[in-house]
Structure formats: C-alpha cells, structure tokens
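In the two complexes that follow, subunit A is the common piece, with subunit B as its partner first and subunit C second.
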Partner chain A sequence: MKLRKNVAVSEAGLLFNPVTGESYSVNPIGVEIINLLREEKSPEDISKFILGKFATDKATFEKDYHDFIGILEHHNLLDSHEETKA
Partner chain B sequence: MKKRKLKIAVTGLNAIDSPGPGISVIRALREAASFDVRIIGLSYESLEPGIYMHDLVDRTYSIPYPTAGIDTLLARLEYIHEKEKLDVIIPNFDAELYPFIKLETKLKAMGIHMFLPTLHQFEERQKVNLNEFGKKYNINVPRSKVIHDLSMVYSLQSEFSFPMIVKGKFYDASIAYSIEQVKSYYNKISAKWGLPIIIQEFIHGTEFNVTGLGDGKGNTIAAVPMRKQYITEKGKAWGGISISDEEMLDMTRKFLRTTKWRGGFELELMKNKDGELYMLEINPRLPAWIYLAVGVGQNIPEALVKLAMGEKVKPFTKYTVGKMFVRYSWDMIVDREEFEQISIYGEL
Partner chain C sequence: MSKTRYERPVIKKLETGMPNKFGTRTEYEPMTHIDGVAVKDLIKEFGSPLFVISEKTIRDTVKKAKKAFGTRYPKVQFAWSYKTNYLNAICNIFHQEDSWAEVVSGFEYDKAINLGVDGRKIIFNGPDKSEQDLTKAITNDSLIHIDHLDELYSIRELADKLKKRPRVAIRVNMDTGVYPMWDRFGFNYENGQAWDAINKIMHSEKMELVGLHCHIGTFMLSPFAYGTAASKLSELALAVEQKFKHEIKYIDMGGGFASKNTLKGSYLPGTDTNPTFDDFAEAISTVLLNSNFKKDKLPLLILETGRALVDEAGYLLGSVISNKRSSTGRRNTIIDVGVNILFTSFWYDHKITPAQPFTHYSEDTCLYGPLCMNIDVIRESANLPLLNMGDHIVIHNVGAYNMTQWMQFITLRPNVVLIDLDEKPHLIRIKESLENMNSMERVPSHLTFDR
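Let's turn to the complex of A and B:
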C-alpha cells in the first residue's frame, strides 16, 4: 500500500493530487499515517507506531485505519488497490 | 538592451462575468521578455471594461460586429492602421475569427500579422462537425447530433438517454433532463445564436481544460492543462489550478500533430469515472484564463506574436504544477466624458 509518488503533502496536512488538481485536508494523525505510507511501512508497523503514540485501542485504530485507506483509495491517491489489514 | 516595440491590437476587452480573453492576453504581452508593446484595444461595446483600463490598454477603437460584413471591418481596420501602424492583431472571439481569417492575406499585405487557424481547421472543429472530427483524427468525442428543426427533437429519445446537452453553434450549453427541457433550451439558444442546435451525449465526470499553441506544422509550442476549481453560473472558471495529467498532454499533442493546428486554442475535456478522456470542444483562440499559463512559465501570447511575425519559437517543455489563478471583480471609476468619447467617436 503506497501513496502515489506525485501526491504532495504539506506539513499542515494539505494533500494535492497534481494529476486531477484536487486538494484534501487531513488531520495530524492522518498526516502521520500518510508519512508512514510514504516510507512504505507495513500496516502492522503503522498500527504499532500509532498505538504507541496515541491513546487508542487496537480495534478502534483498525476500524479508523480501514476507513482512512478506503478514502485514499476512493480518491485515487494510492498506487495499490490490494486489501490491507492493520 | 532596449527591446523593440510592437504595436499589437487585441479584441475581447469584455472582462465581465463571462470574460473575453483580451485583458489576460494584454497582461501577458506586457510581461513579454522579447519585446515592448503599445496595446490597441478593439471593442464592440462601449462598456467593455478594458476600454477604461489605461494602464493596460493605450488606446481603444470600436470595430463593427461581424454581422456588418468583412468589407466594413476591413475599412475600419484600414483607418486604425493608418493611425497606429499595427504590427499584429490578436482576435479573441470565436464569432469574429471567420472574418479575420478571411482578411489575413489582405492584412498581411498591409503589414499586419496574425497567427490564426486556417479556414479548414476553423470549420473542421466546429461543434456541428465534432463527430466527424473525432472519427477522422481518432480522438474520443461525445456522440452528438445536429438538429435544424424542433420536430427532430422527438426522435432524440431513441438515440440519446437523459440527461443530454443542448448546445448553441457558437456559445451556450444547457443540460436537459426531459423532452420539454430540450424544446425549451432549443428555443432559447436558437433565438440567441441561430440554428443549428447540437444535441450531445452527457458525459458524467470532471471537466478539464488545456490551453496551448500550435505552430501550424504539427508541433506543440505550448500546452498547459488546468482544472476549474470555482465555476460561475455561466460555467466559466473563476478559479483554477495547473495540473500534470500526461494523458491530457498526449491528447493535446495528438490534436496538434494530426490537425497541424495553427495558433492558440483551448480544449475542453471531460474525464469520466472510468478515467476515459473525451474532447468536448475545441475553442480556436486563447482562453480568458490564459494568464495562468504565463504564471506557470509559458507566455503563450508572446510566443504567438513571435510566430505571427515569422520568427522561430522554441517549444516550451515545462511548467509549474499546482499554481492557481483566482479571478476577482473590481469597480473602476470612469468619467462620463470617456464613455461619450468611445460611444460617439469610437476612439478613446
């Protein structure tokens, strides 16, 4: 699961897809996850990182992570469409 | 080093809610690196805002509407040329291109240069010919049908599904969801722009535009794709952003290569949800948002002037992606005497 190479992400959390011209804003946790996707971290590594940094449980994170990946896929921001489990 | 000064006449000074490209073209010319300019505005109406923008337009002359005939236009241009010694004219309206194309040889003999599509190119890309254009050049276009008579409307249901687009031959387009709406738009648009009316398949998707410049030999001198971000009720871009869609650039290069397009243009493109790209329209002139192209590194009006003057122009190879334009409106305070001057004497 990789973020498309040409998608630009600002520190403030603005995603810009240069192919479509669309922009999206994401919250700080979203930025963290996107940066981890950029580094090609596995869903397990991303889960460990987020659970270590934020006060949430695994089940809640997994649900939110799937929702988030689904949104990124829907907007064509990911290179792969394969099913990923956190 | 002192730059040469060119006298360039520009139409499309109507910087209104459905803006003509003139003011953007003039801004581009004033930023040209290779020449200085004296700008002569050519106006059709006394309230075109560009007439009163004295920091951009040095002098304006009114010109007759295309319906007045080619000879009337030529006579007026001869008068203006006598006063101004024009080097170049850049016409910016679809409806005036036909007379200007017809006059190109005569104007050239007078020393006035233009860089326009040929009459064949101009006619071939007309909305009424879009189906044939798509077939001939193997370019994906939406299915369309030309209708000359209101009675033809009833047969449309067997060929098109709703919604469908009802288009005027020059301007205007509306989405119709029923036969009653088709009839209503048919009457409204034909009353304004005449017949025929074009019925077009509705493509669900996202609209994009590409502006650029062809050298008339099949080469792409410039091409900048843009996505509209803010669209007015009239469907005009009030804000937009430069993008980097290789498929759109490929379609543009193919259009220029196969048609050997000469001059500026704007392609109206639609990408459906399956990612298929359609060419909806080919506008045979620069668009009102042309200044975005300058902002991203391609001064297309400058390159067009150089081609018009018979000079070699190196194709642009890059532009900045993600640069936006945001249009705004601005109230100018104008003395009544200026309005009188252009209205009564046709010069300001």
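Let's turn to the complex of A and C:
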C-alpha cells in the first residue's frame, strides 16, 4: 500500500492530486497515516505508531484505518500498481 | 506523557460552487453541560439515551411569552397544553407559573385534577368526551369547549340531569389564509355552523356561553393568520353581545406557535426564521384592541401555547453505537436514540451537538437510530464533527410531544431527568423495564408452560 508519488500533502492537511487537479482536506491523524504510507510502512507499523501516539485501542484503529484506506482508494490516491508488485 | 485525543482519520474532497445537500457545518462548540451539569455525569448516573429538561429554560420561556402578551394586552391567561408534555413535574412547573390546564381527553382531565388543578381552571377540548368525562367536567365547573353538535346536545341533557348550568365555549374553525385549513375540529365560521351552534346554546339557556375558541394549525409560521382568526372570533363575540346582550368572557386563540426547531425541507434554520412570541402577540393583540369591544369589556385572552413554551427546554442525550459506510461511501453513524422515542425527527431536522470536544473537521453524515427498522433515521443528512464509538451527543429542542408521543417499540422508554434552578438533577420519570411491560399482559393458561 503506497501513496501515489506525485500526490502532495502539506503539514496543515491540504492534499493535492496533480493528475486530477483535485484538492482534499485531511485531519492531523490522516496526515500522519499518509506520511507513513509514503514511507511504505506496513499496516502493522502504522498501527503501532498510532497506538503509541493517540489514545485509542487496536480494534478501533484497525477499523478506522481500513475505512480510511478505502476512501483513499476511492479517490484514486494509492498506487495500486506498486501494491501488486509488492 | 499523555497521549493525544484520538480522532478517526478523515479525508474530504474540497468542492467549490453550490452548497451540497448536507448544508454547511453548524456546530462549532461541544455541549458538555446542561444548566451546569456535565452531560457525561448525567449519562453515567441515569443511562443513555436520556431525556433532560431544564426547569430554568421553561420558566424563562414562560416569562418571555407572558411579557410579549402582557405588555400588549391587559388580560392574558395561559393554559398549559397537557398533550405537549404531561409529565407531572412539567405540568406543575407551568401551574406554578399560573397556567391553567388545557386537556383533550378524560385521561388528561383526571391527570390535571390529580395534580390539584382547580376544576374551574381546566379547559376541556377535543372531539372525544364521554358522558362520564362531561359529567365530571360539569360537576367541577370546568370550561367545556364544544367540538360538535352531538356533544352540544349531550351537555344539554346532562345539564338537566345534573341540575347545573355548564360553562361552555365553542371551537370555531375558519379560513385564516393558510394552507392546509384546519376544519376538522369545531364549527365552521364561514358557512355559518359556528353562528348556528352559538344560537342553539343561547336559545337553550341550559348552558352559559363564556368563550369562543379556535386553534388554527400547528407549527404556524405566519403570525398574520392569528390576526385573521382573532378578527373573526371578535366579530362573533360582538354579534352575540348585540343579539343576546350577552358578554363573551374570553377569546381562546388555542396553540400552534412555532418553536425554534427547523422543519424538514427548510432552507434556513428555525432559530433565524420562525416568528417570536412578540410577533404572535402583536398580531393578536392589535386586532383585539382595534375591534369594537368597549374598553371595560375586553375579553380575557387565553393562549394554549404548548410547543413554543417547552420545546427548547428539552434535550435528548445519546451515544454513538457505530460508524459505518453505505454502499455509496456515505458516512452512516448509528446512535442509541431511535424514532420510537424521538417522534419529532419525522418533522424536524433536530440540531445535534457532540458532548465532547472536537476538531474543526467534519463529515456529511446520516444518523440512524438503533431500531432494526429502515425508517429509523434521526437525520438524513447532517454535516457533523467526527464522532467515535461511545461518544455522546445532545439533541436539542425535544421538549414538546416526544415525551407524550413516544412508543415502547423494540426498546424501552428511557429515564427523564429535570435539572432544577439550583442545577440539581431529579429523576422525574423512571425508565421502563421488562417487568413493567409484562405486568400489563395476561397469558391464557393453555399457553403457559413449565420451565
């Protein structure tokens, strides 16, 4: 699971996809996850990082993480080709 | 080091141009307390969901309404509409604020009597008054508002039987220029039914015609319609005086004033658009003062305001059960408040506020209740801050009709708490239990079995 190379995200949470010209607003925890995806972290590593930083439990985050990934895929922000190769 | 508060990750496409059907975001501050009492403490002590009523808001609203009418017209009397909320504690707040009782059934009549309301200060409305109900009302010298001719004749017979002269009014329906016209109850003004009923009462001499009553609609957004109604009732009262030399003591304008809720389909919120007490008072009192009543013969103005006096005092607290997505990707949130206890969600887009801090991120959300029924939708579309499972929400303006029209359906009806003027919560209605429900049932012996 990897973020498309040309997708830009600012610290303030503004995400821009130059391929489609569309912009998005992302909340701080979403920015954290996107940056971790950019670094090609595994879901386990992402979960470990988030659970260490935010007051939540594994089940809640796992559910929300998969929901978030689903929306990123829906907006075509993930590089599915990279994923297939992996 | 303490961890950061968790908020689920969210990404939202930025769109410019026309606003979407979910509207703009309206909630900027959480509602953590009601009258100084923490929402989380209320839920911890009394459970979720939970109705909470603010005594302070009720009393403040009554004062506002009294001021609006009292400063414009010299003789005003409010009568608490029992059907709007007949929890005993709530009725007693209104009675302490000098309201009479306005009831529409034998059950409500008995409730008022049990609460110690003087029978002479009970207005008995409605189309269904049994002989037993009428006998009670006549014996207690209550004000009986006649709905139809069959009732008129029944009262005439009972007056003979009881050797009493009942105090009566007639309910008049009329065209006030609003649609739909409410002509189901009472006698019509335009086609002469009302005048005919008045003549029957006056000629029989068995009853004392003390008032004229109307109730032109519900959640009325036009104060001018009340002006039209007041004008027509004044004409009738003056006609009675001219023909029979009989003074009509009061004009009862009924209820129907809109609260600050937002009707479904409205473009702007009710808080911005719905008329105030001053608007209604101006429309009614101007007509009465400008009519041909002599200065010392102005009729008492009775108002049966219900919804507008109690809606804002009621809150419904709930909790988030789950977040999920629909097949189209829409955010669906399930809460533990269903339409069975929030009947008014069929009419209004209730304002909903999270009870804990949140960030400025929001999502277009559909709020579902907990019932296993497709119709159980609390808000079809609301732009809400991100809610986590277990978070609490506050639903506003639920004081009217919900605690009378609620249903025991699938789930049990919850506790109701009143927060008094000293910011102390009191349990005023205990939540239902399986034992309560079973105690009303009987199982025939051939259907019982030994466990």
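Everything that follows uses one rule, which is that the second predicted complex is superposed on the first by the 80 of 86 C-alpha atoms of A that agree within 3 Å, B and C clash if a C-alpha of one lies under 4 Å from a C-alpha of the other, contacts with A are read in each partner's own complex, and residues count from 1 in each chain.
One rule holds for everything that comes next: a residue touches a chain if its C-beta (ideal position, glycine included) is under 8 Å from a C-beta of that chain, and two chains touch if they have at least 3 such contacts.
Here the structure is a predicted model, which means the values were calculated and not measured.
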| item | value |
| --- | --- |
| Overlay on subunit A: subunit C relative to subunit B, clash or fit | fit |
| First (subunit B), second (subunit C), both or neither touched by A:18 | first |
| Contact breadth on subunit A, by residue count: subunit C or subunit B | C |
| Angular separation of subunit B and subunit C about subunit A, which is computed from CA centres of the superposed model and rounded to the nearest 10 ° | 90 |
| First (subunit B), second (subunit C), both or neither touched by A:6 | first |
| Partner chain(s) touched by A:33 [first = subunit B, second = subunit C, both, neither] | second |
| Least C-alpha distance (whole Å) that remains between subunit C and subunit B when both complexes are overlaid | 5 |
| Where subunit A meets both subunit C and subunit B, residue numbers | 22 |
| In the complex with subunit B, residue positions of subunit A that touch it | 6, 8, 16, 18-22 |
| Interfacial residue positions of subunit B with respect to subunit A in the complex | 206, 208, 226-227, 229, 240-245, 321-322 |
| Subunit A contact footprint on subunit C (complex, rising order) | 2-14, 323, 325, 329, 359, 361, 386, 388-389 |
| Subunit C contact footprint on subunit A (complex, rising order) | 15, 22-30, 32-33, 52-56, 60-61, 64-65, 67-68, 70-72, 74-75 |
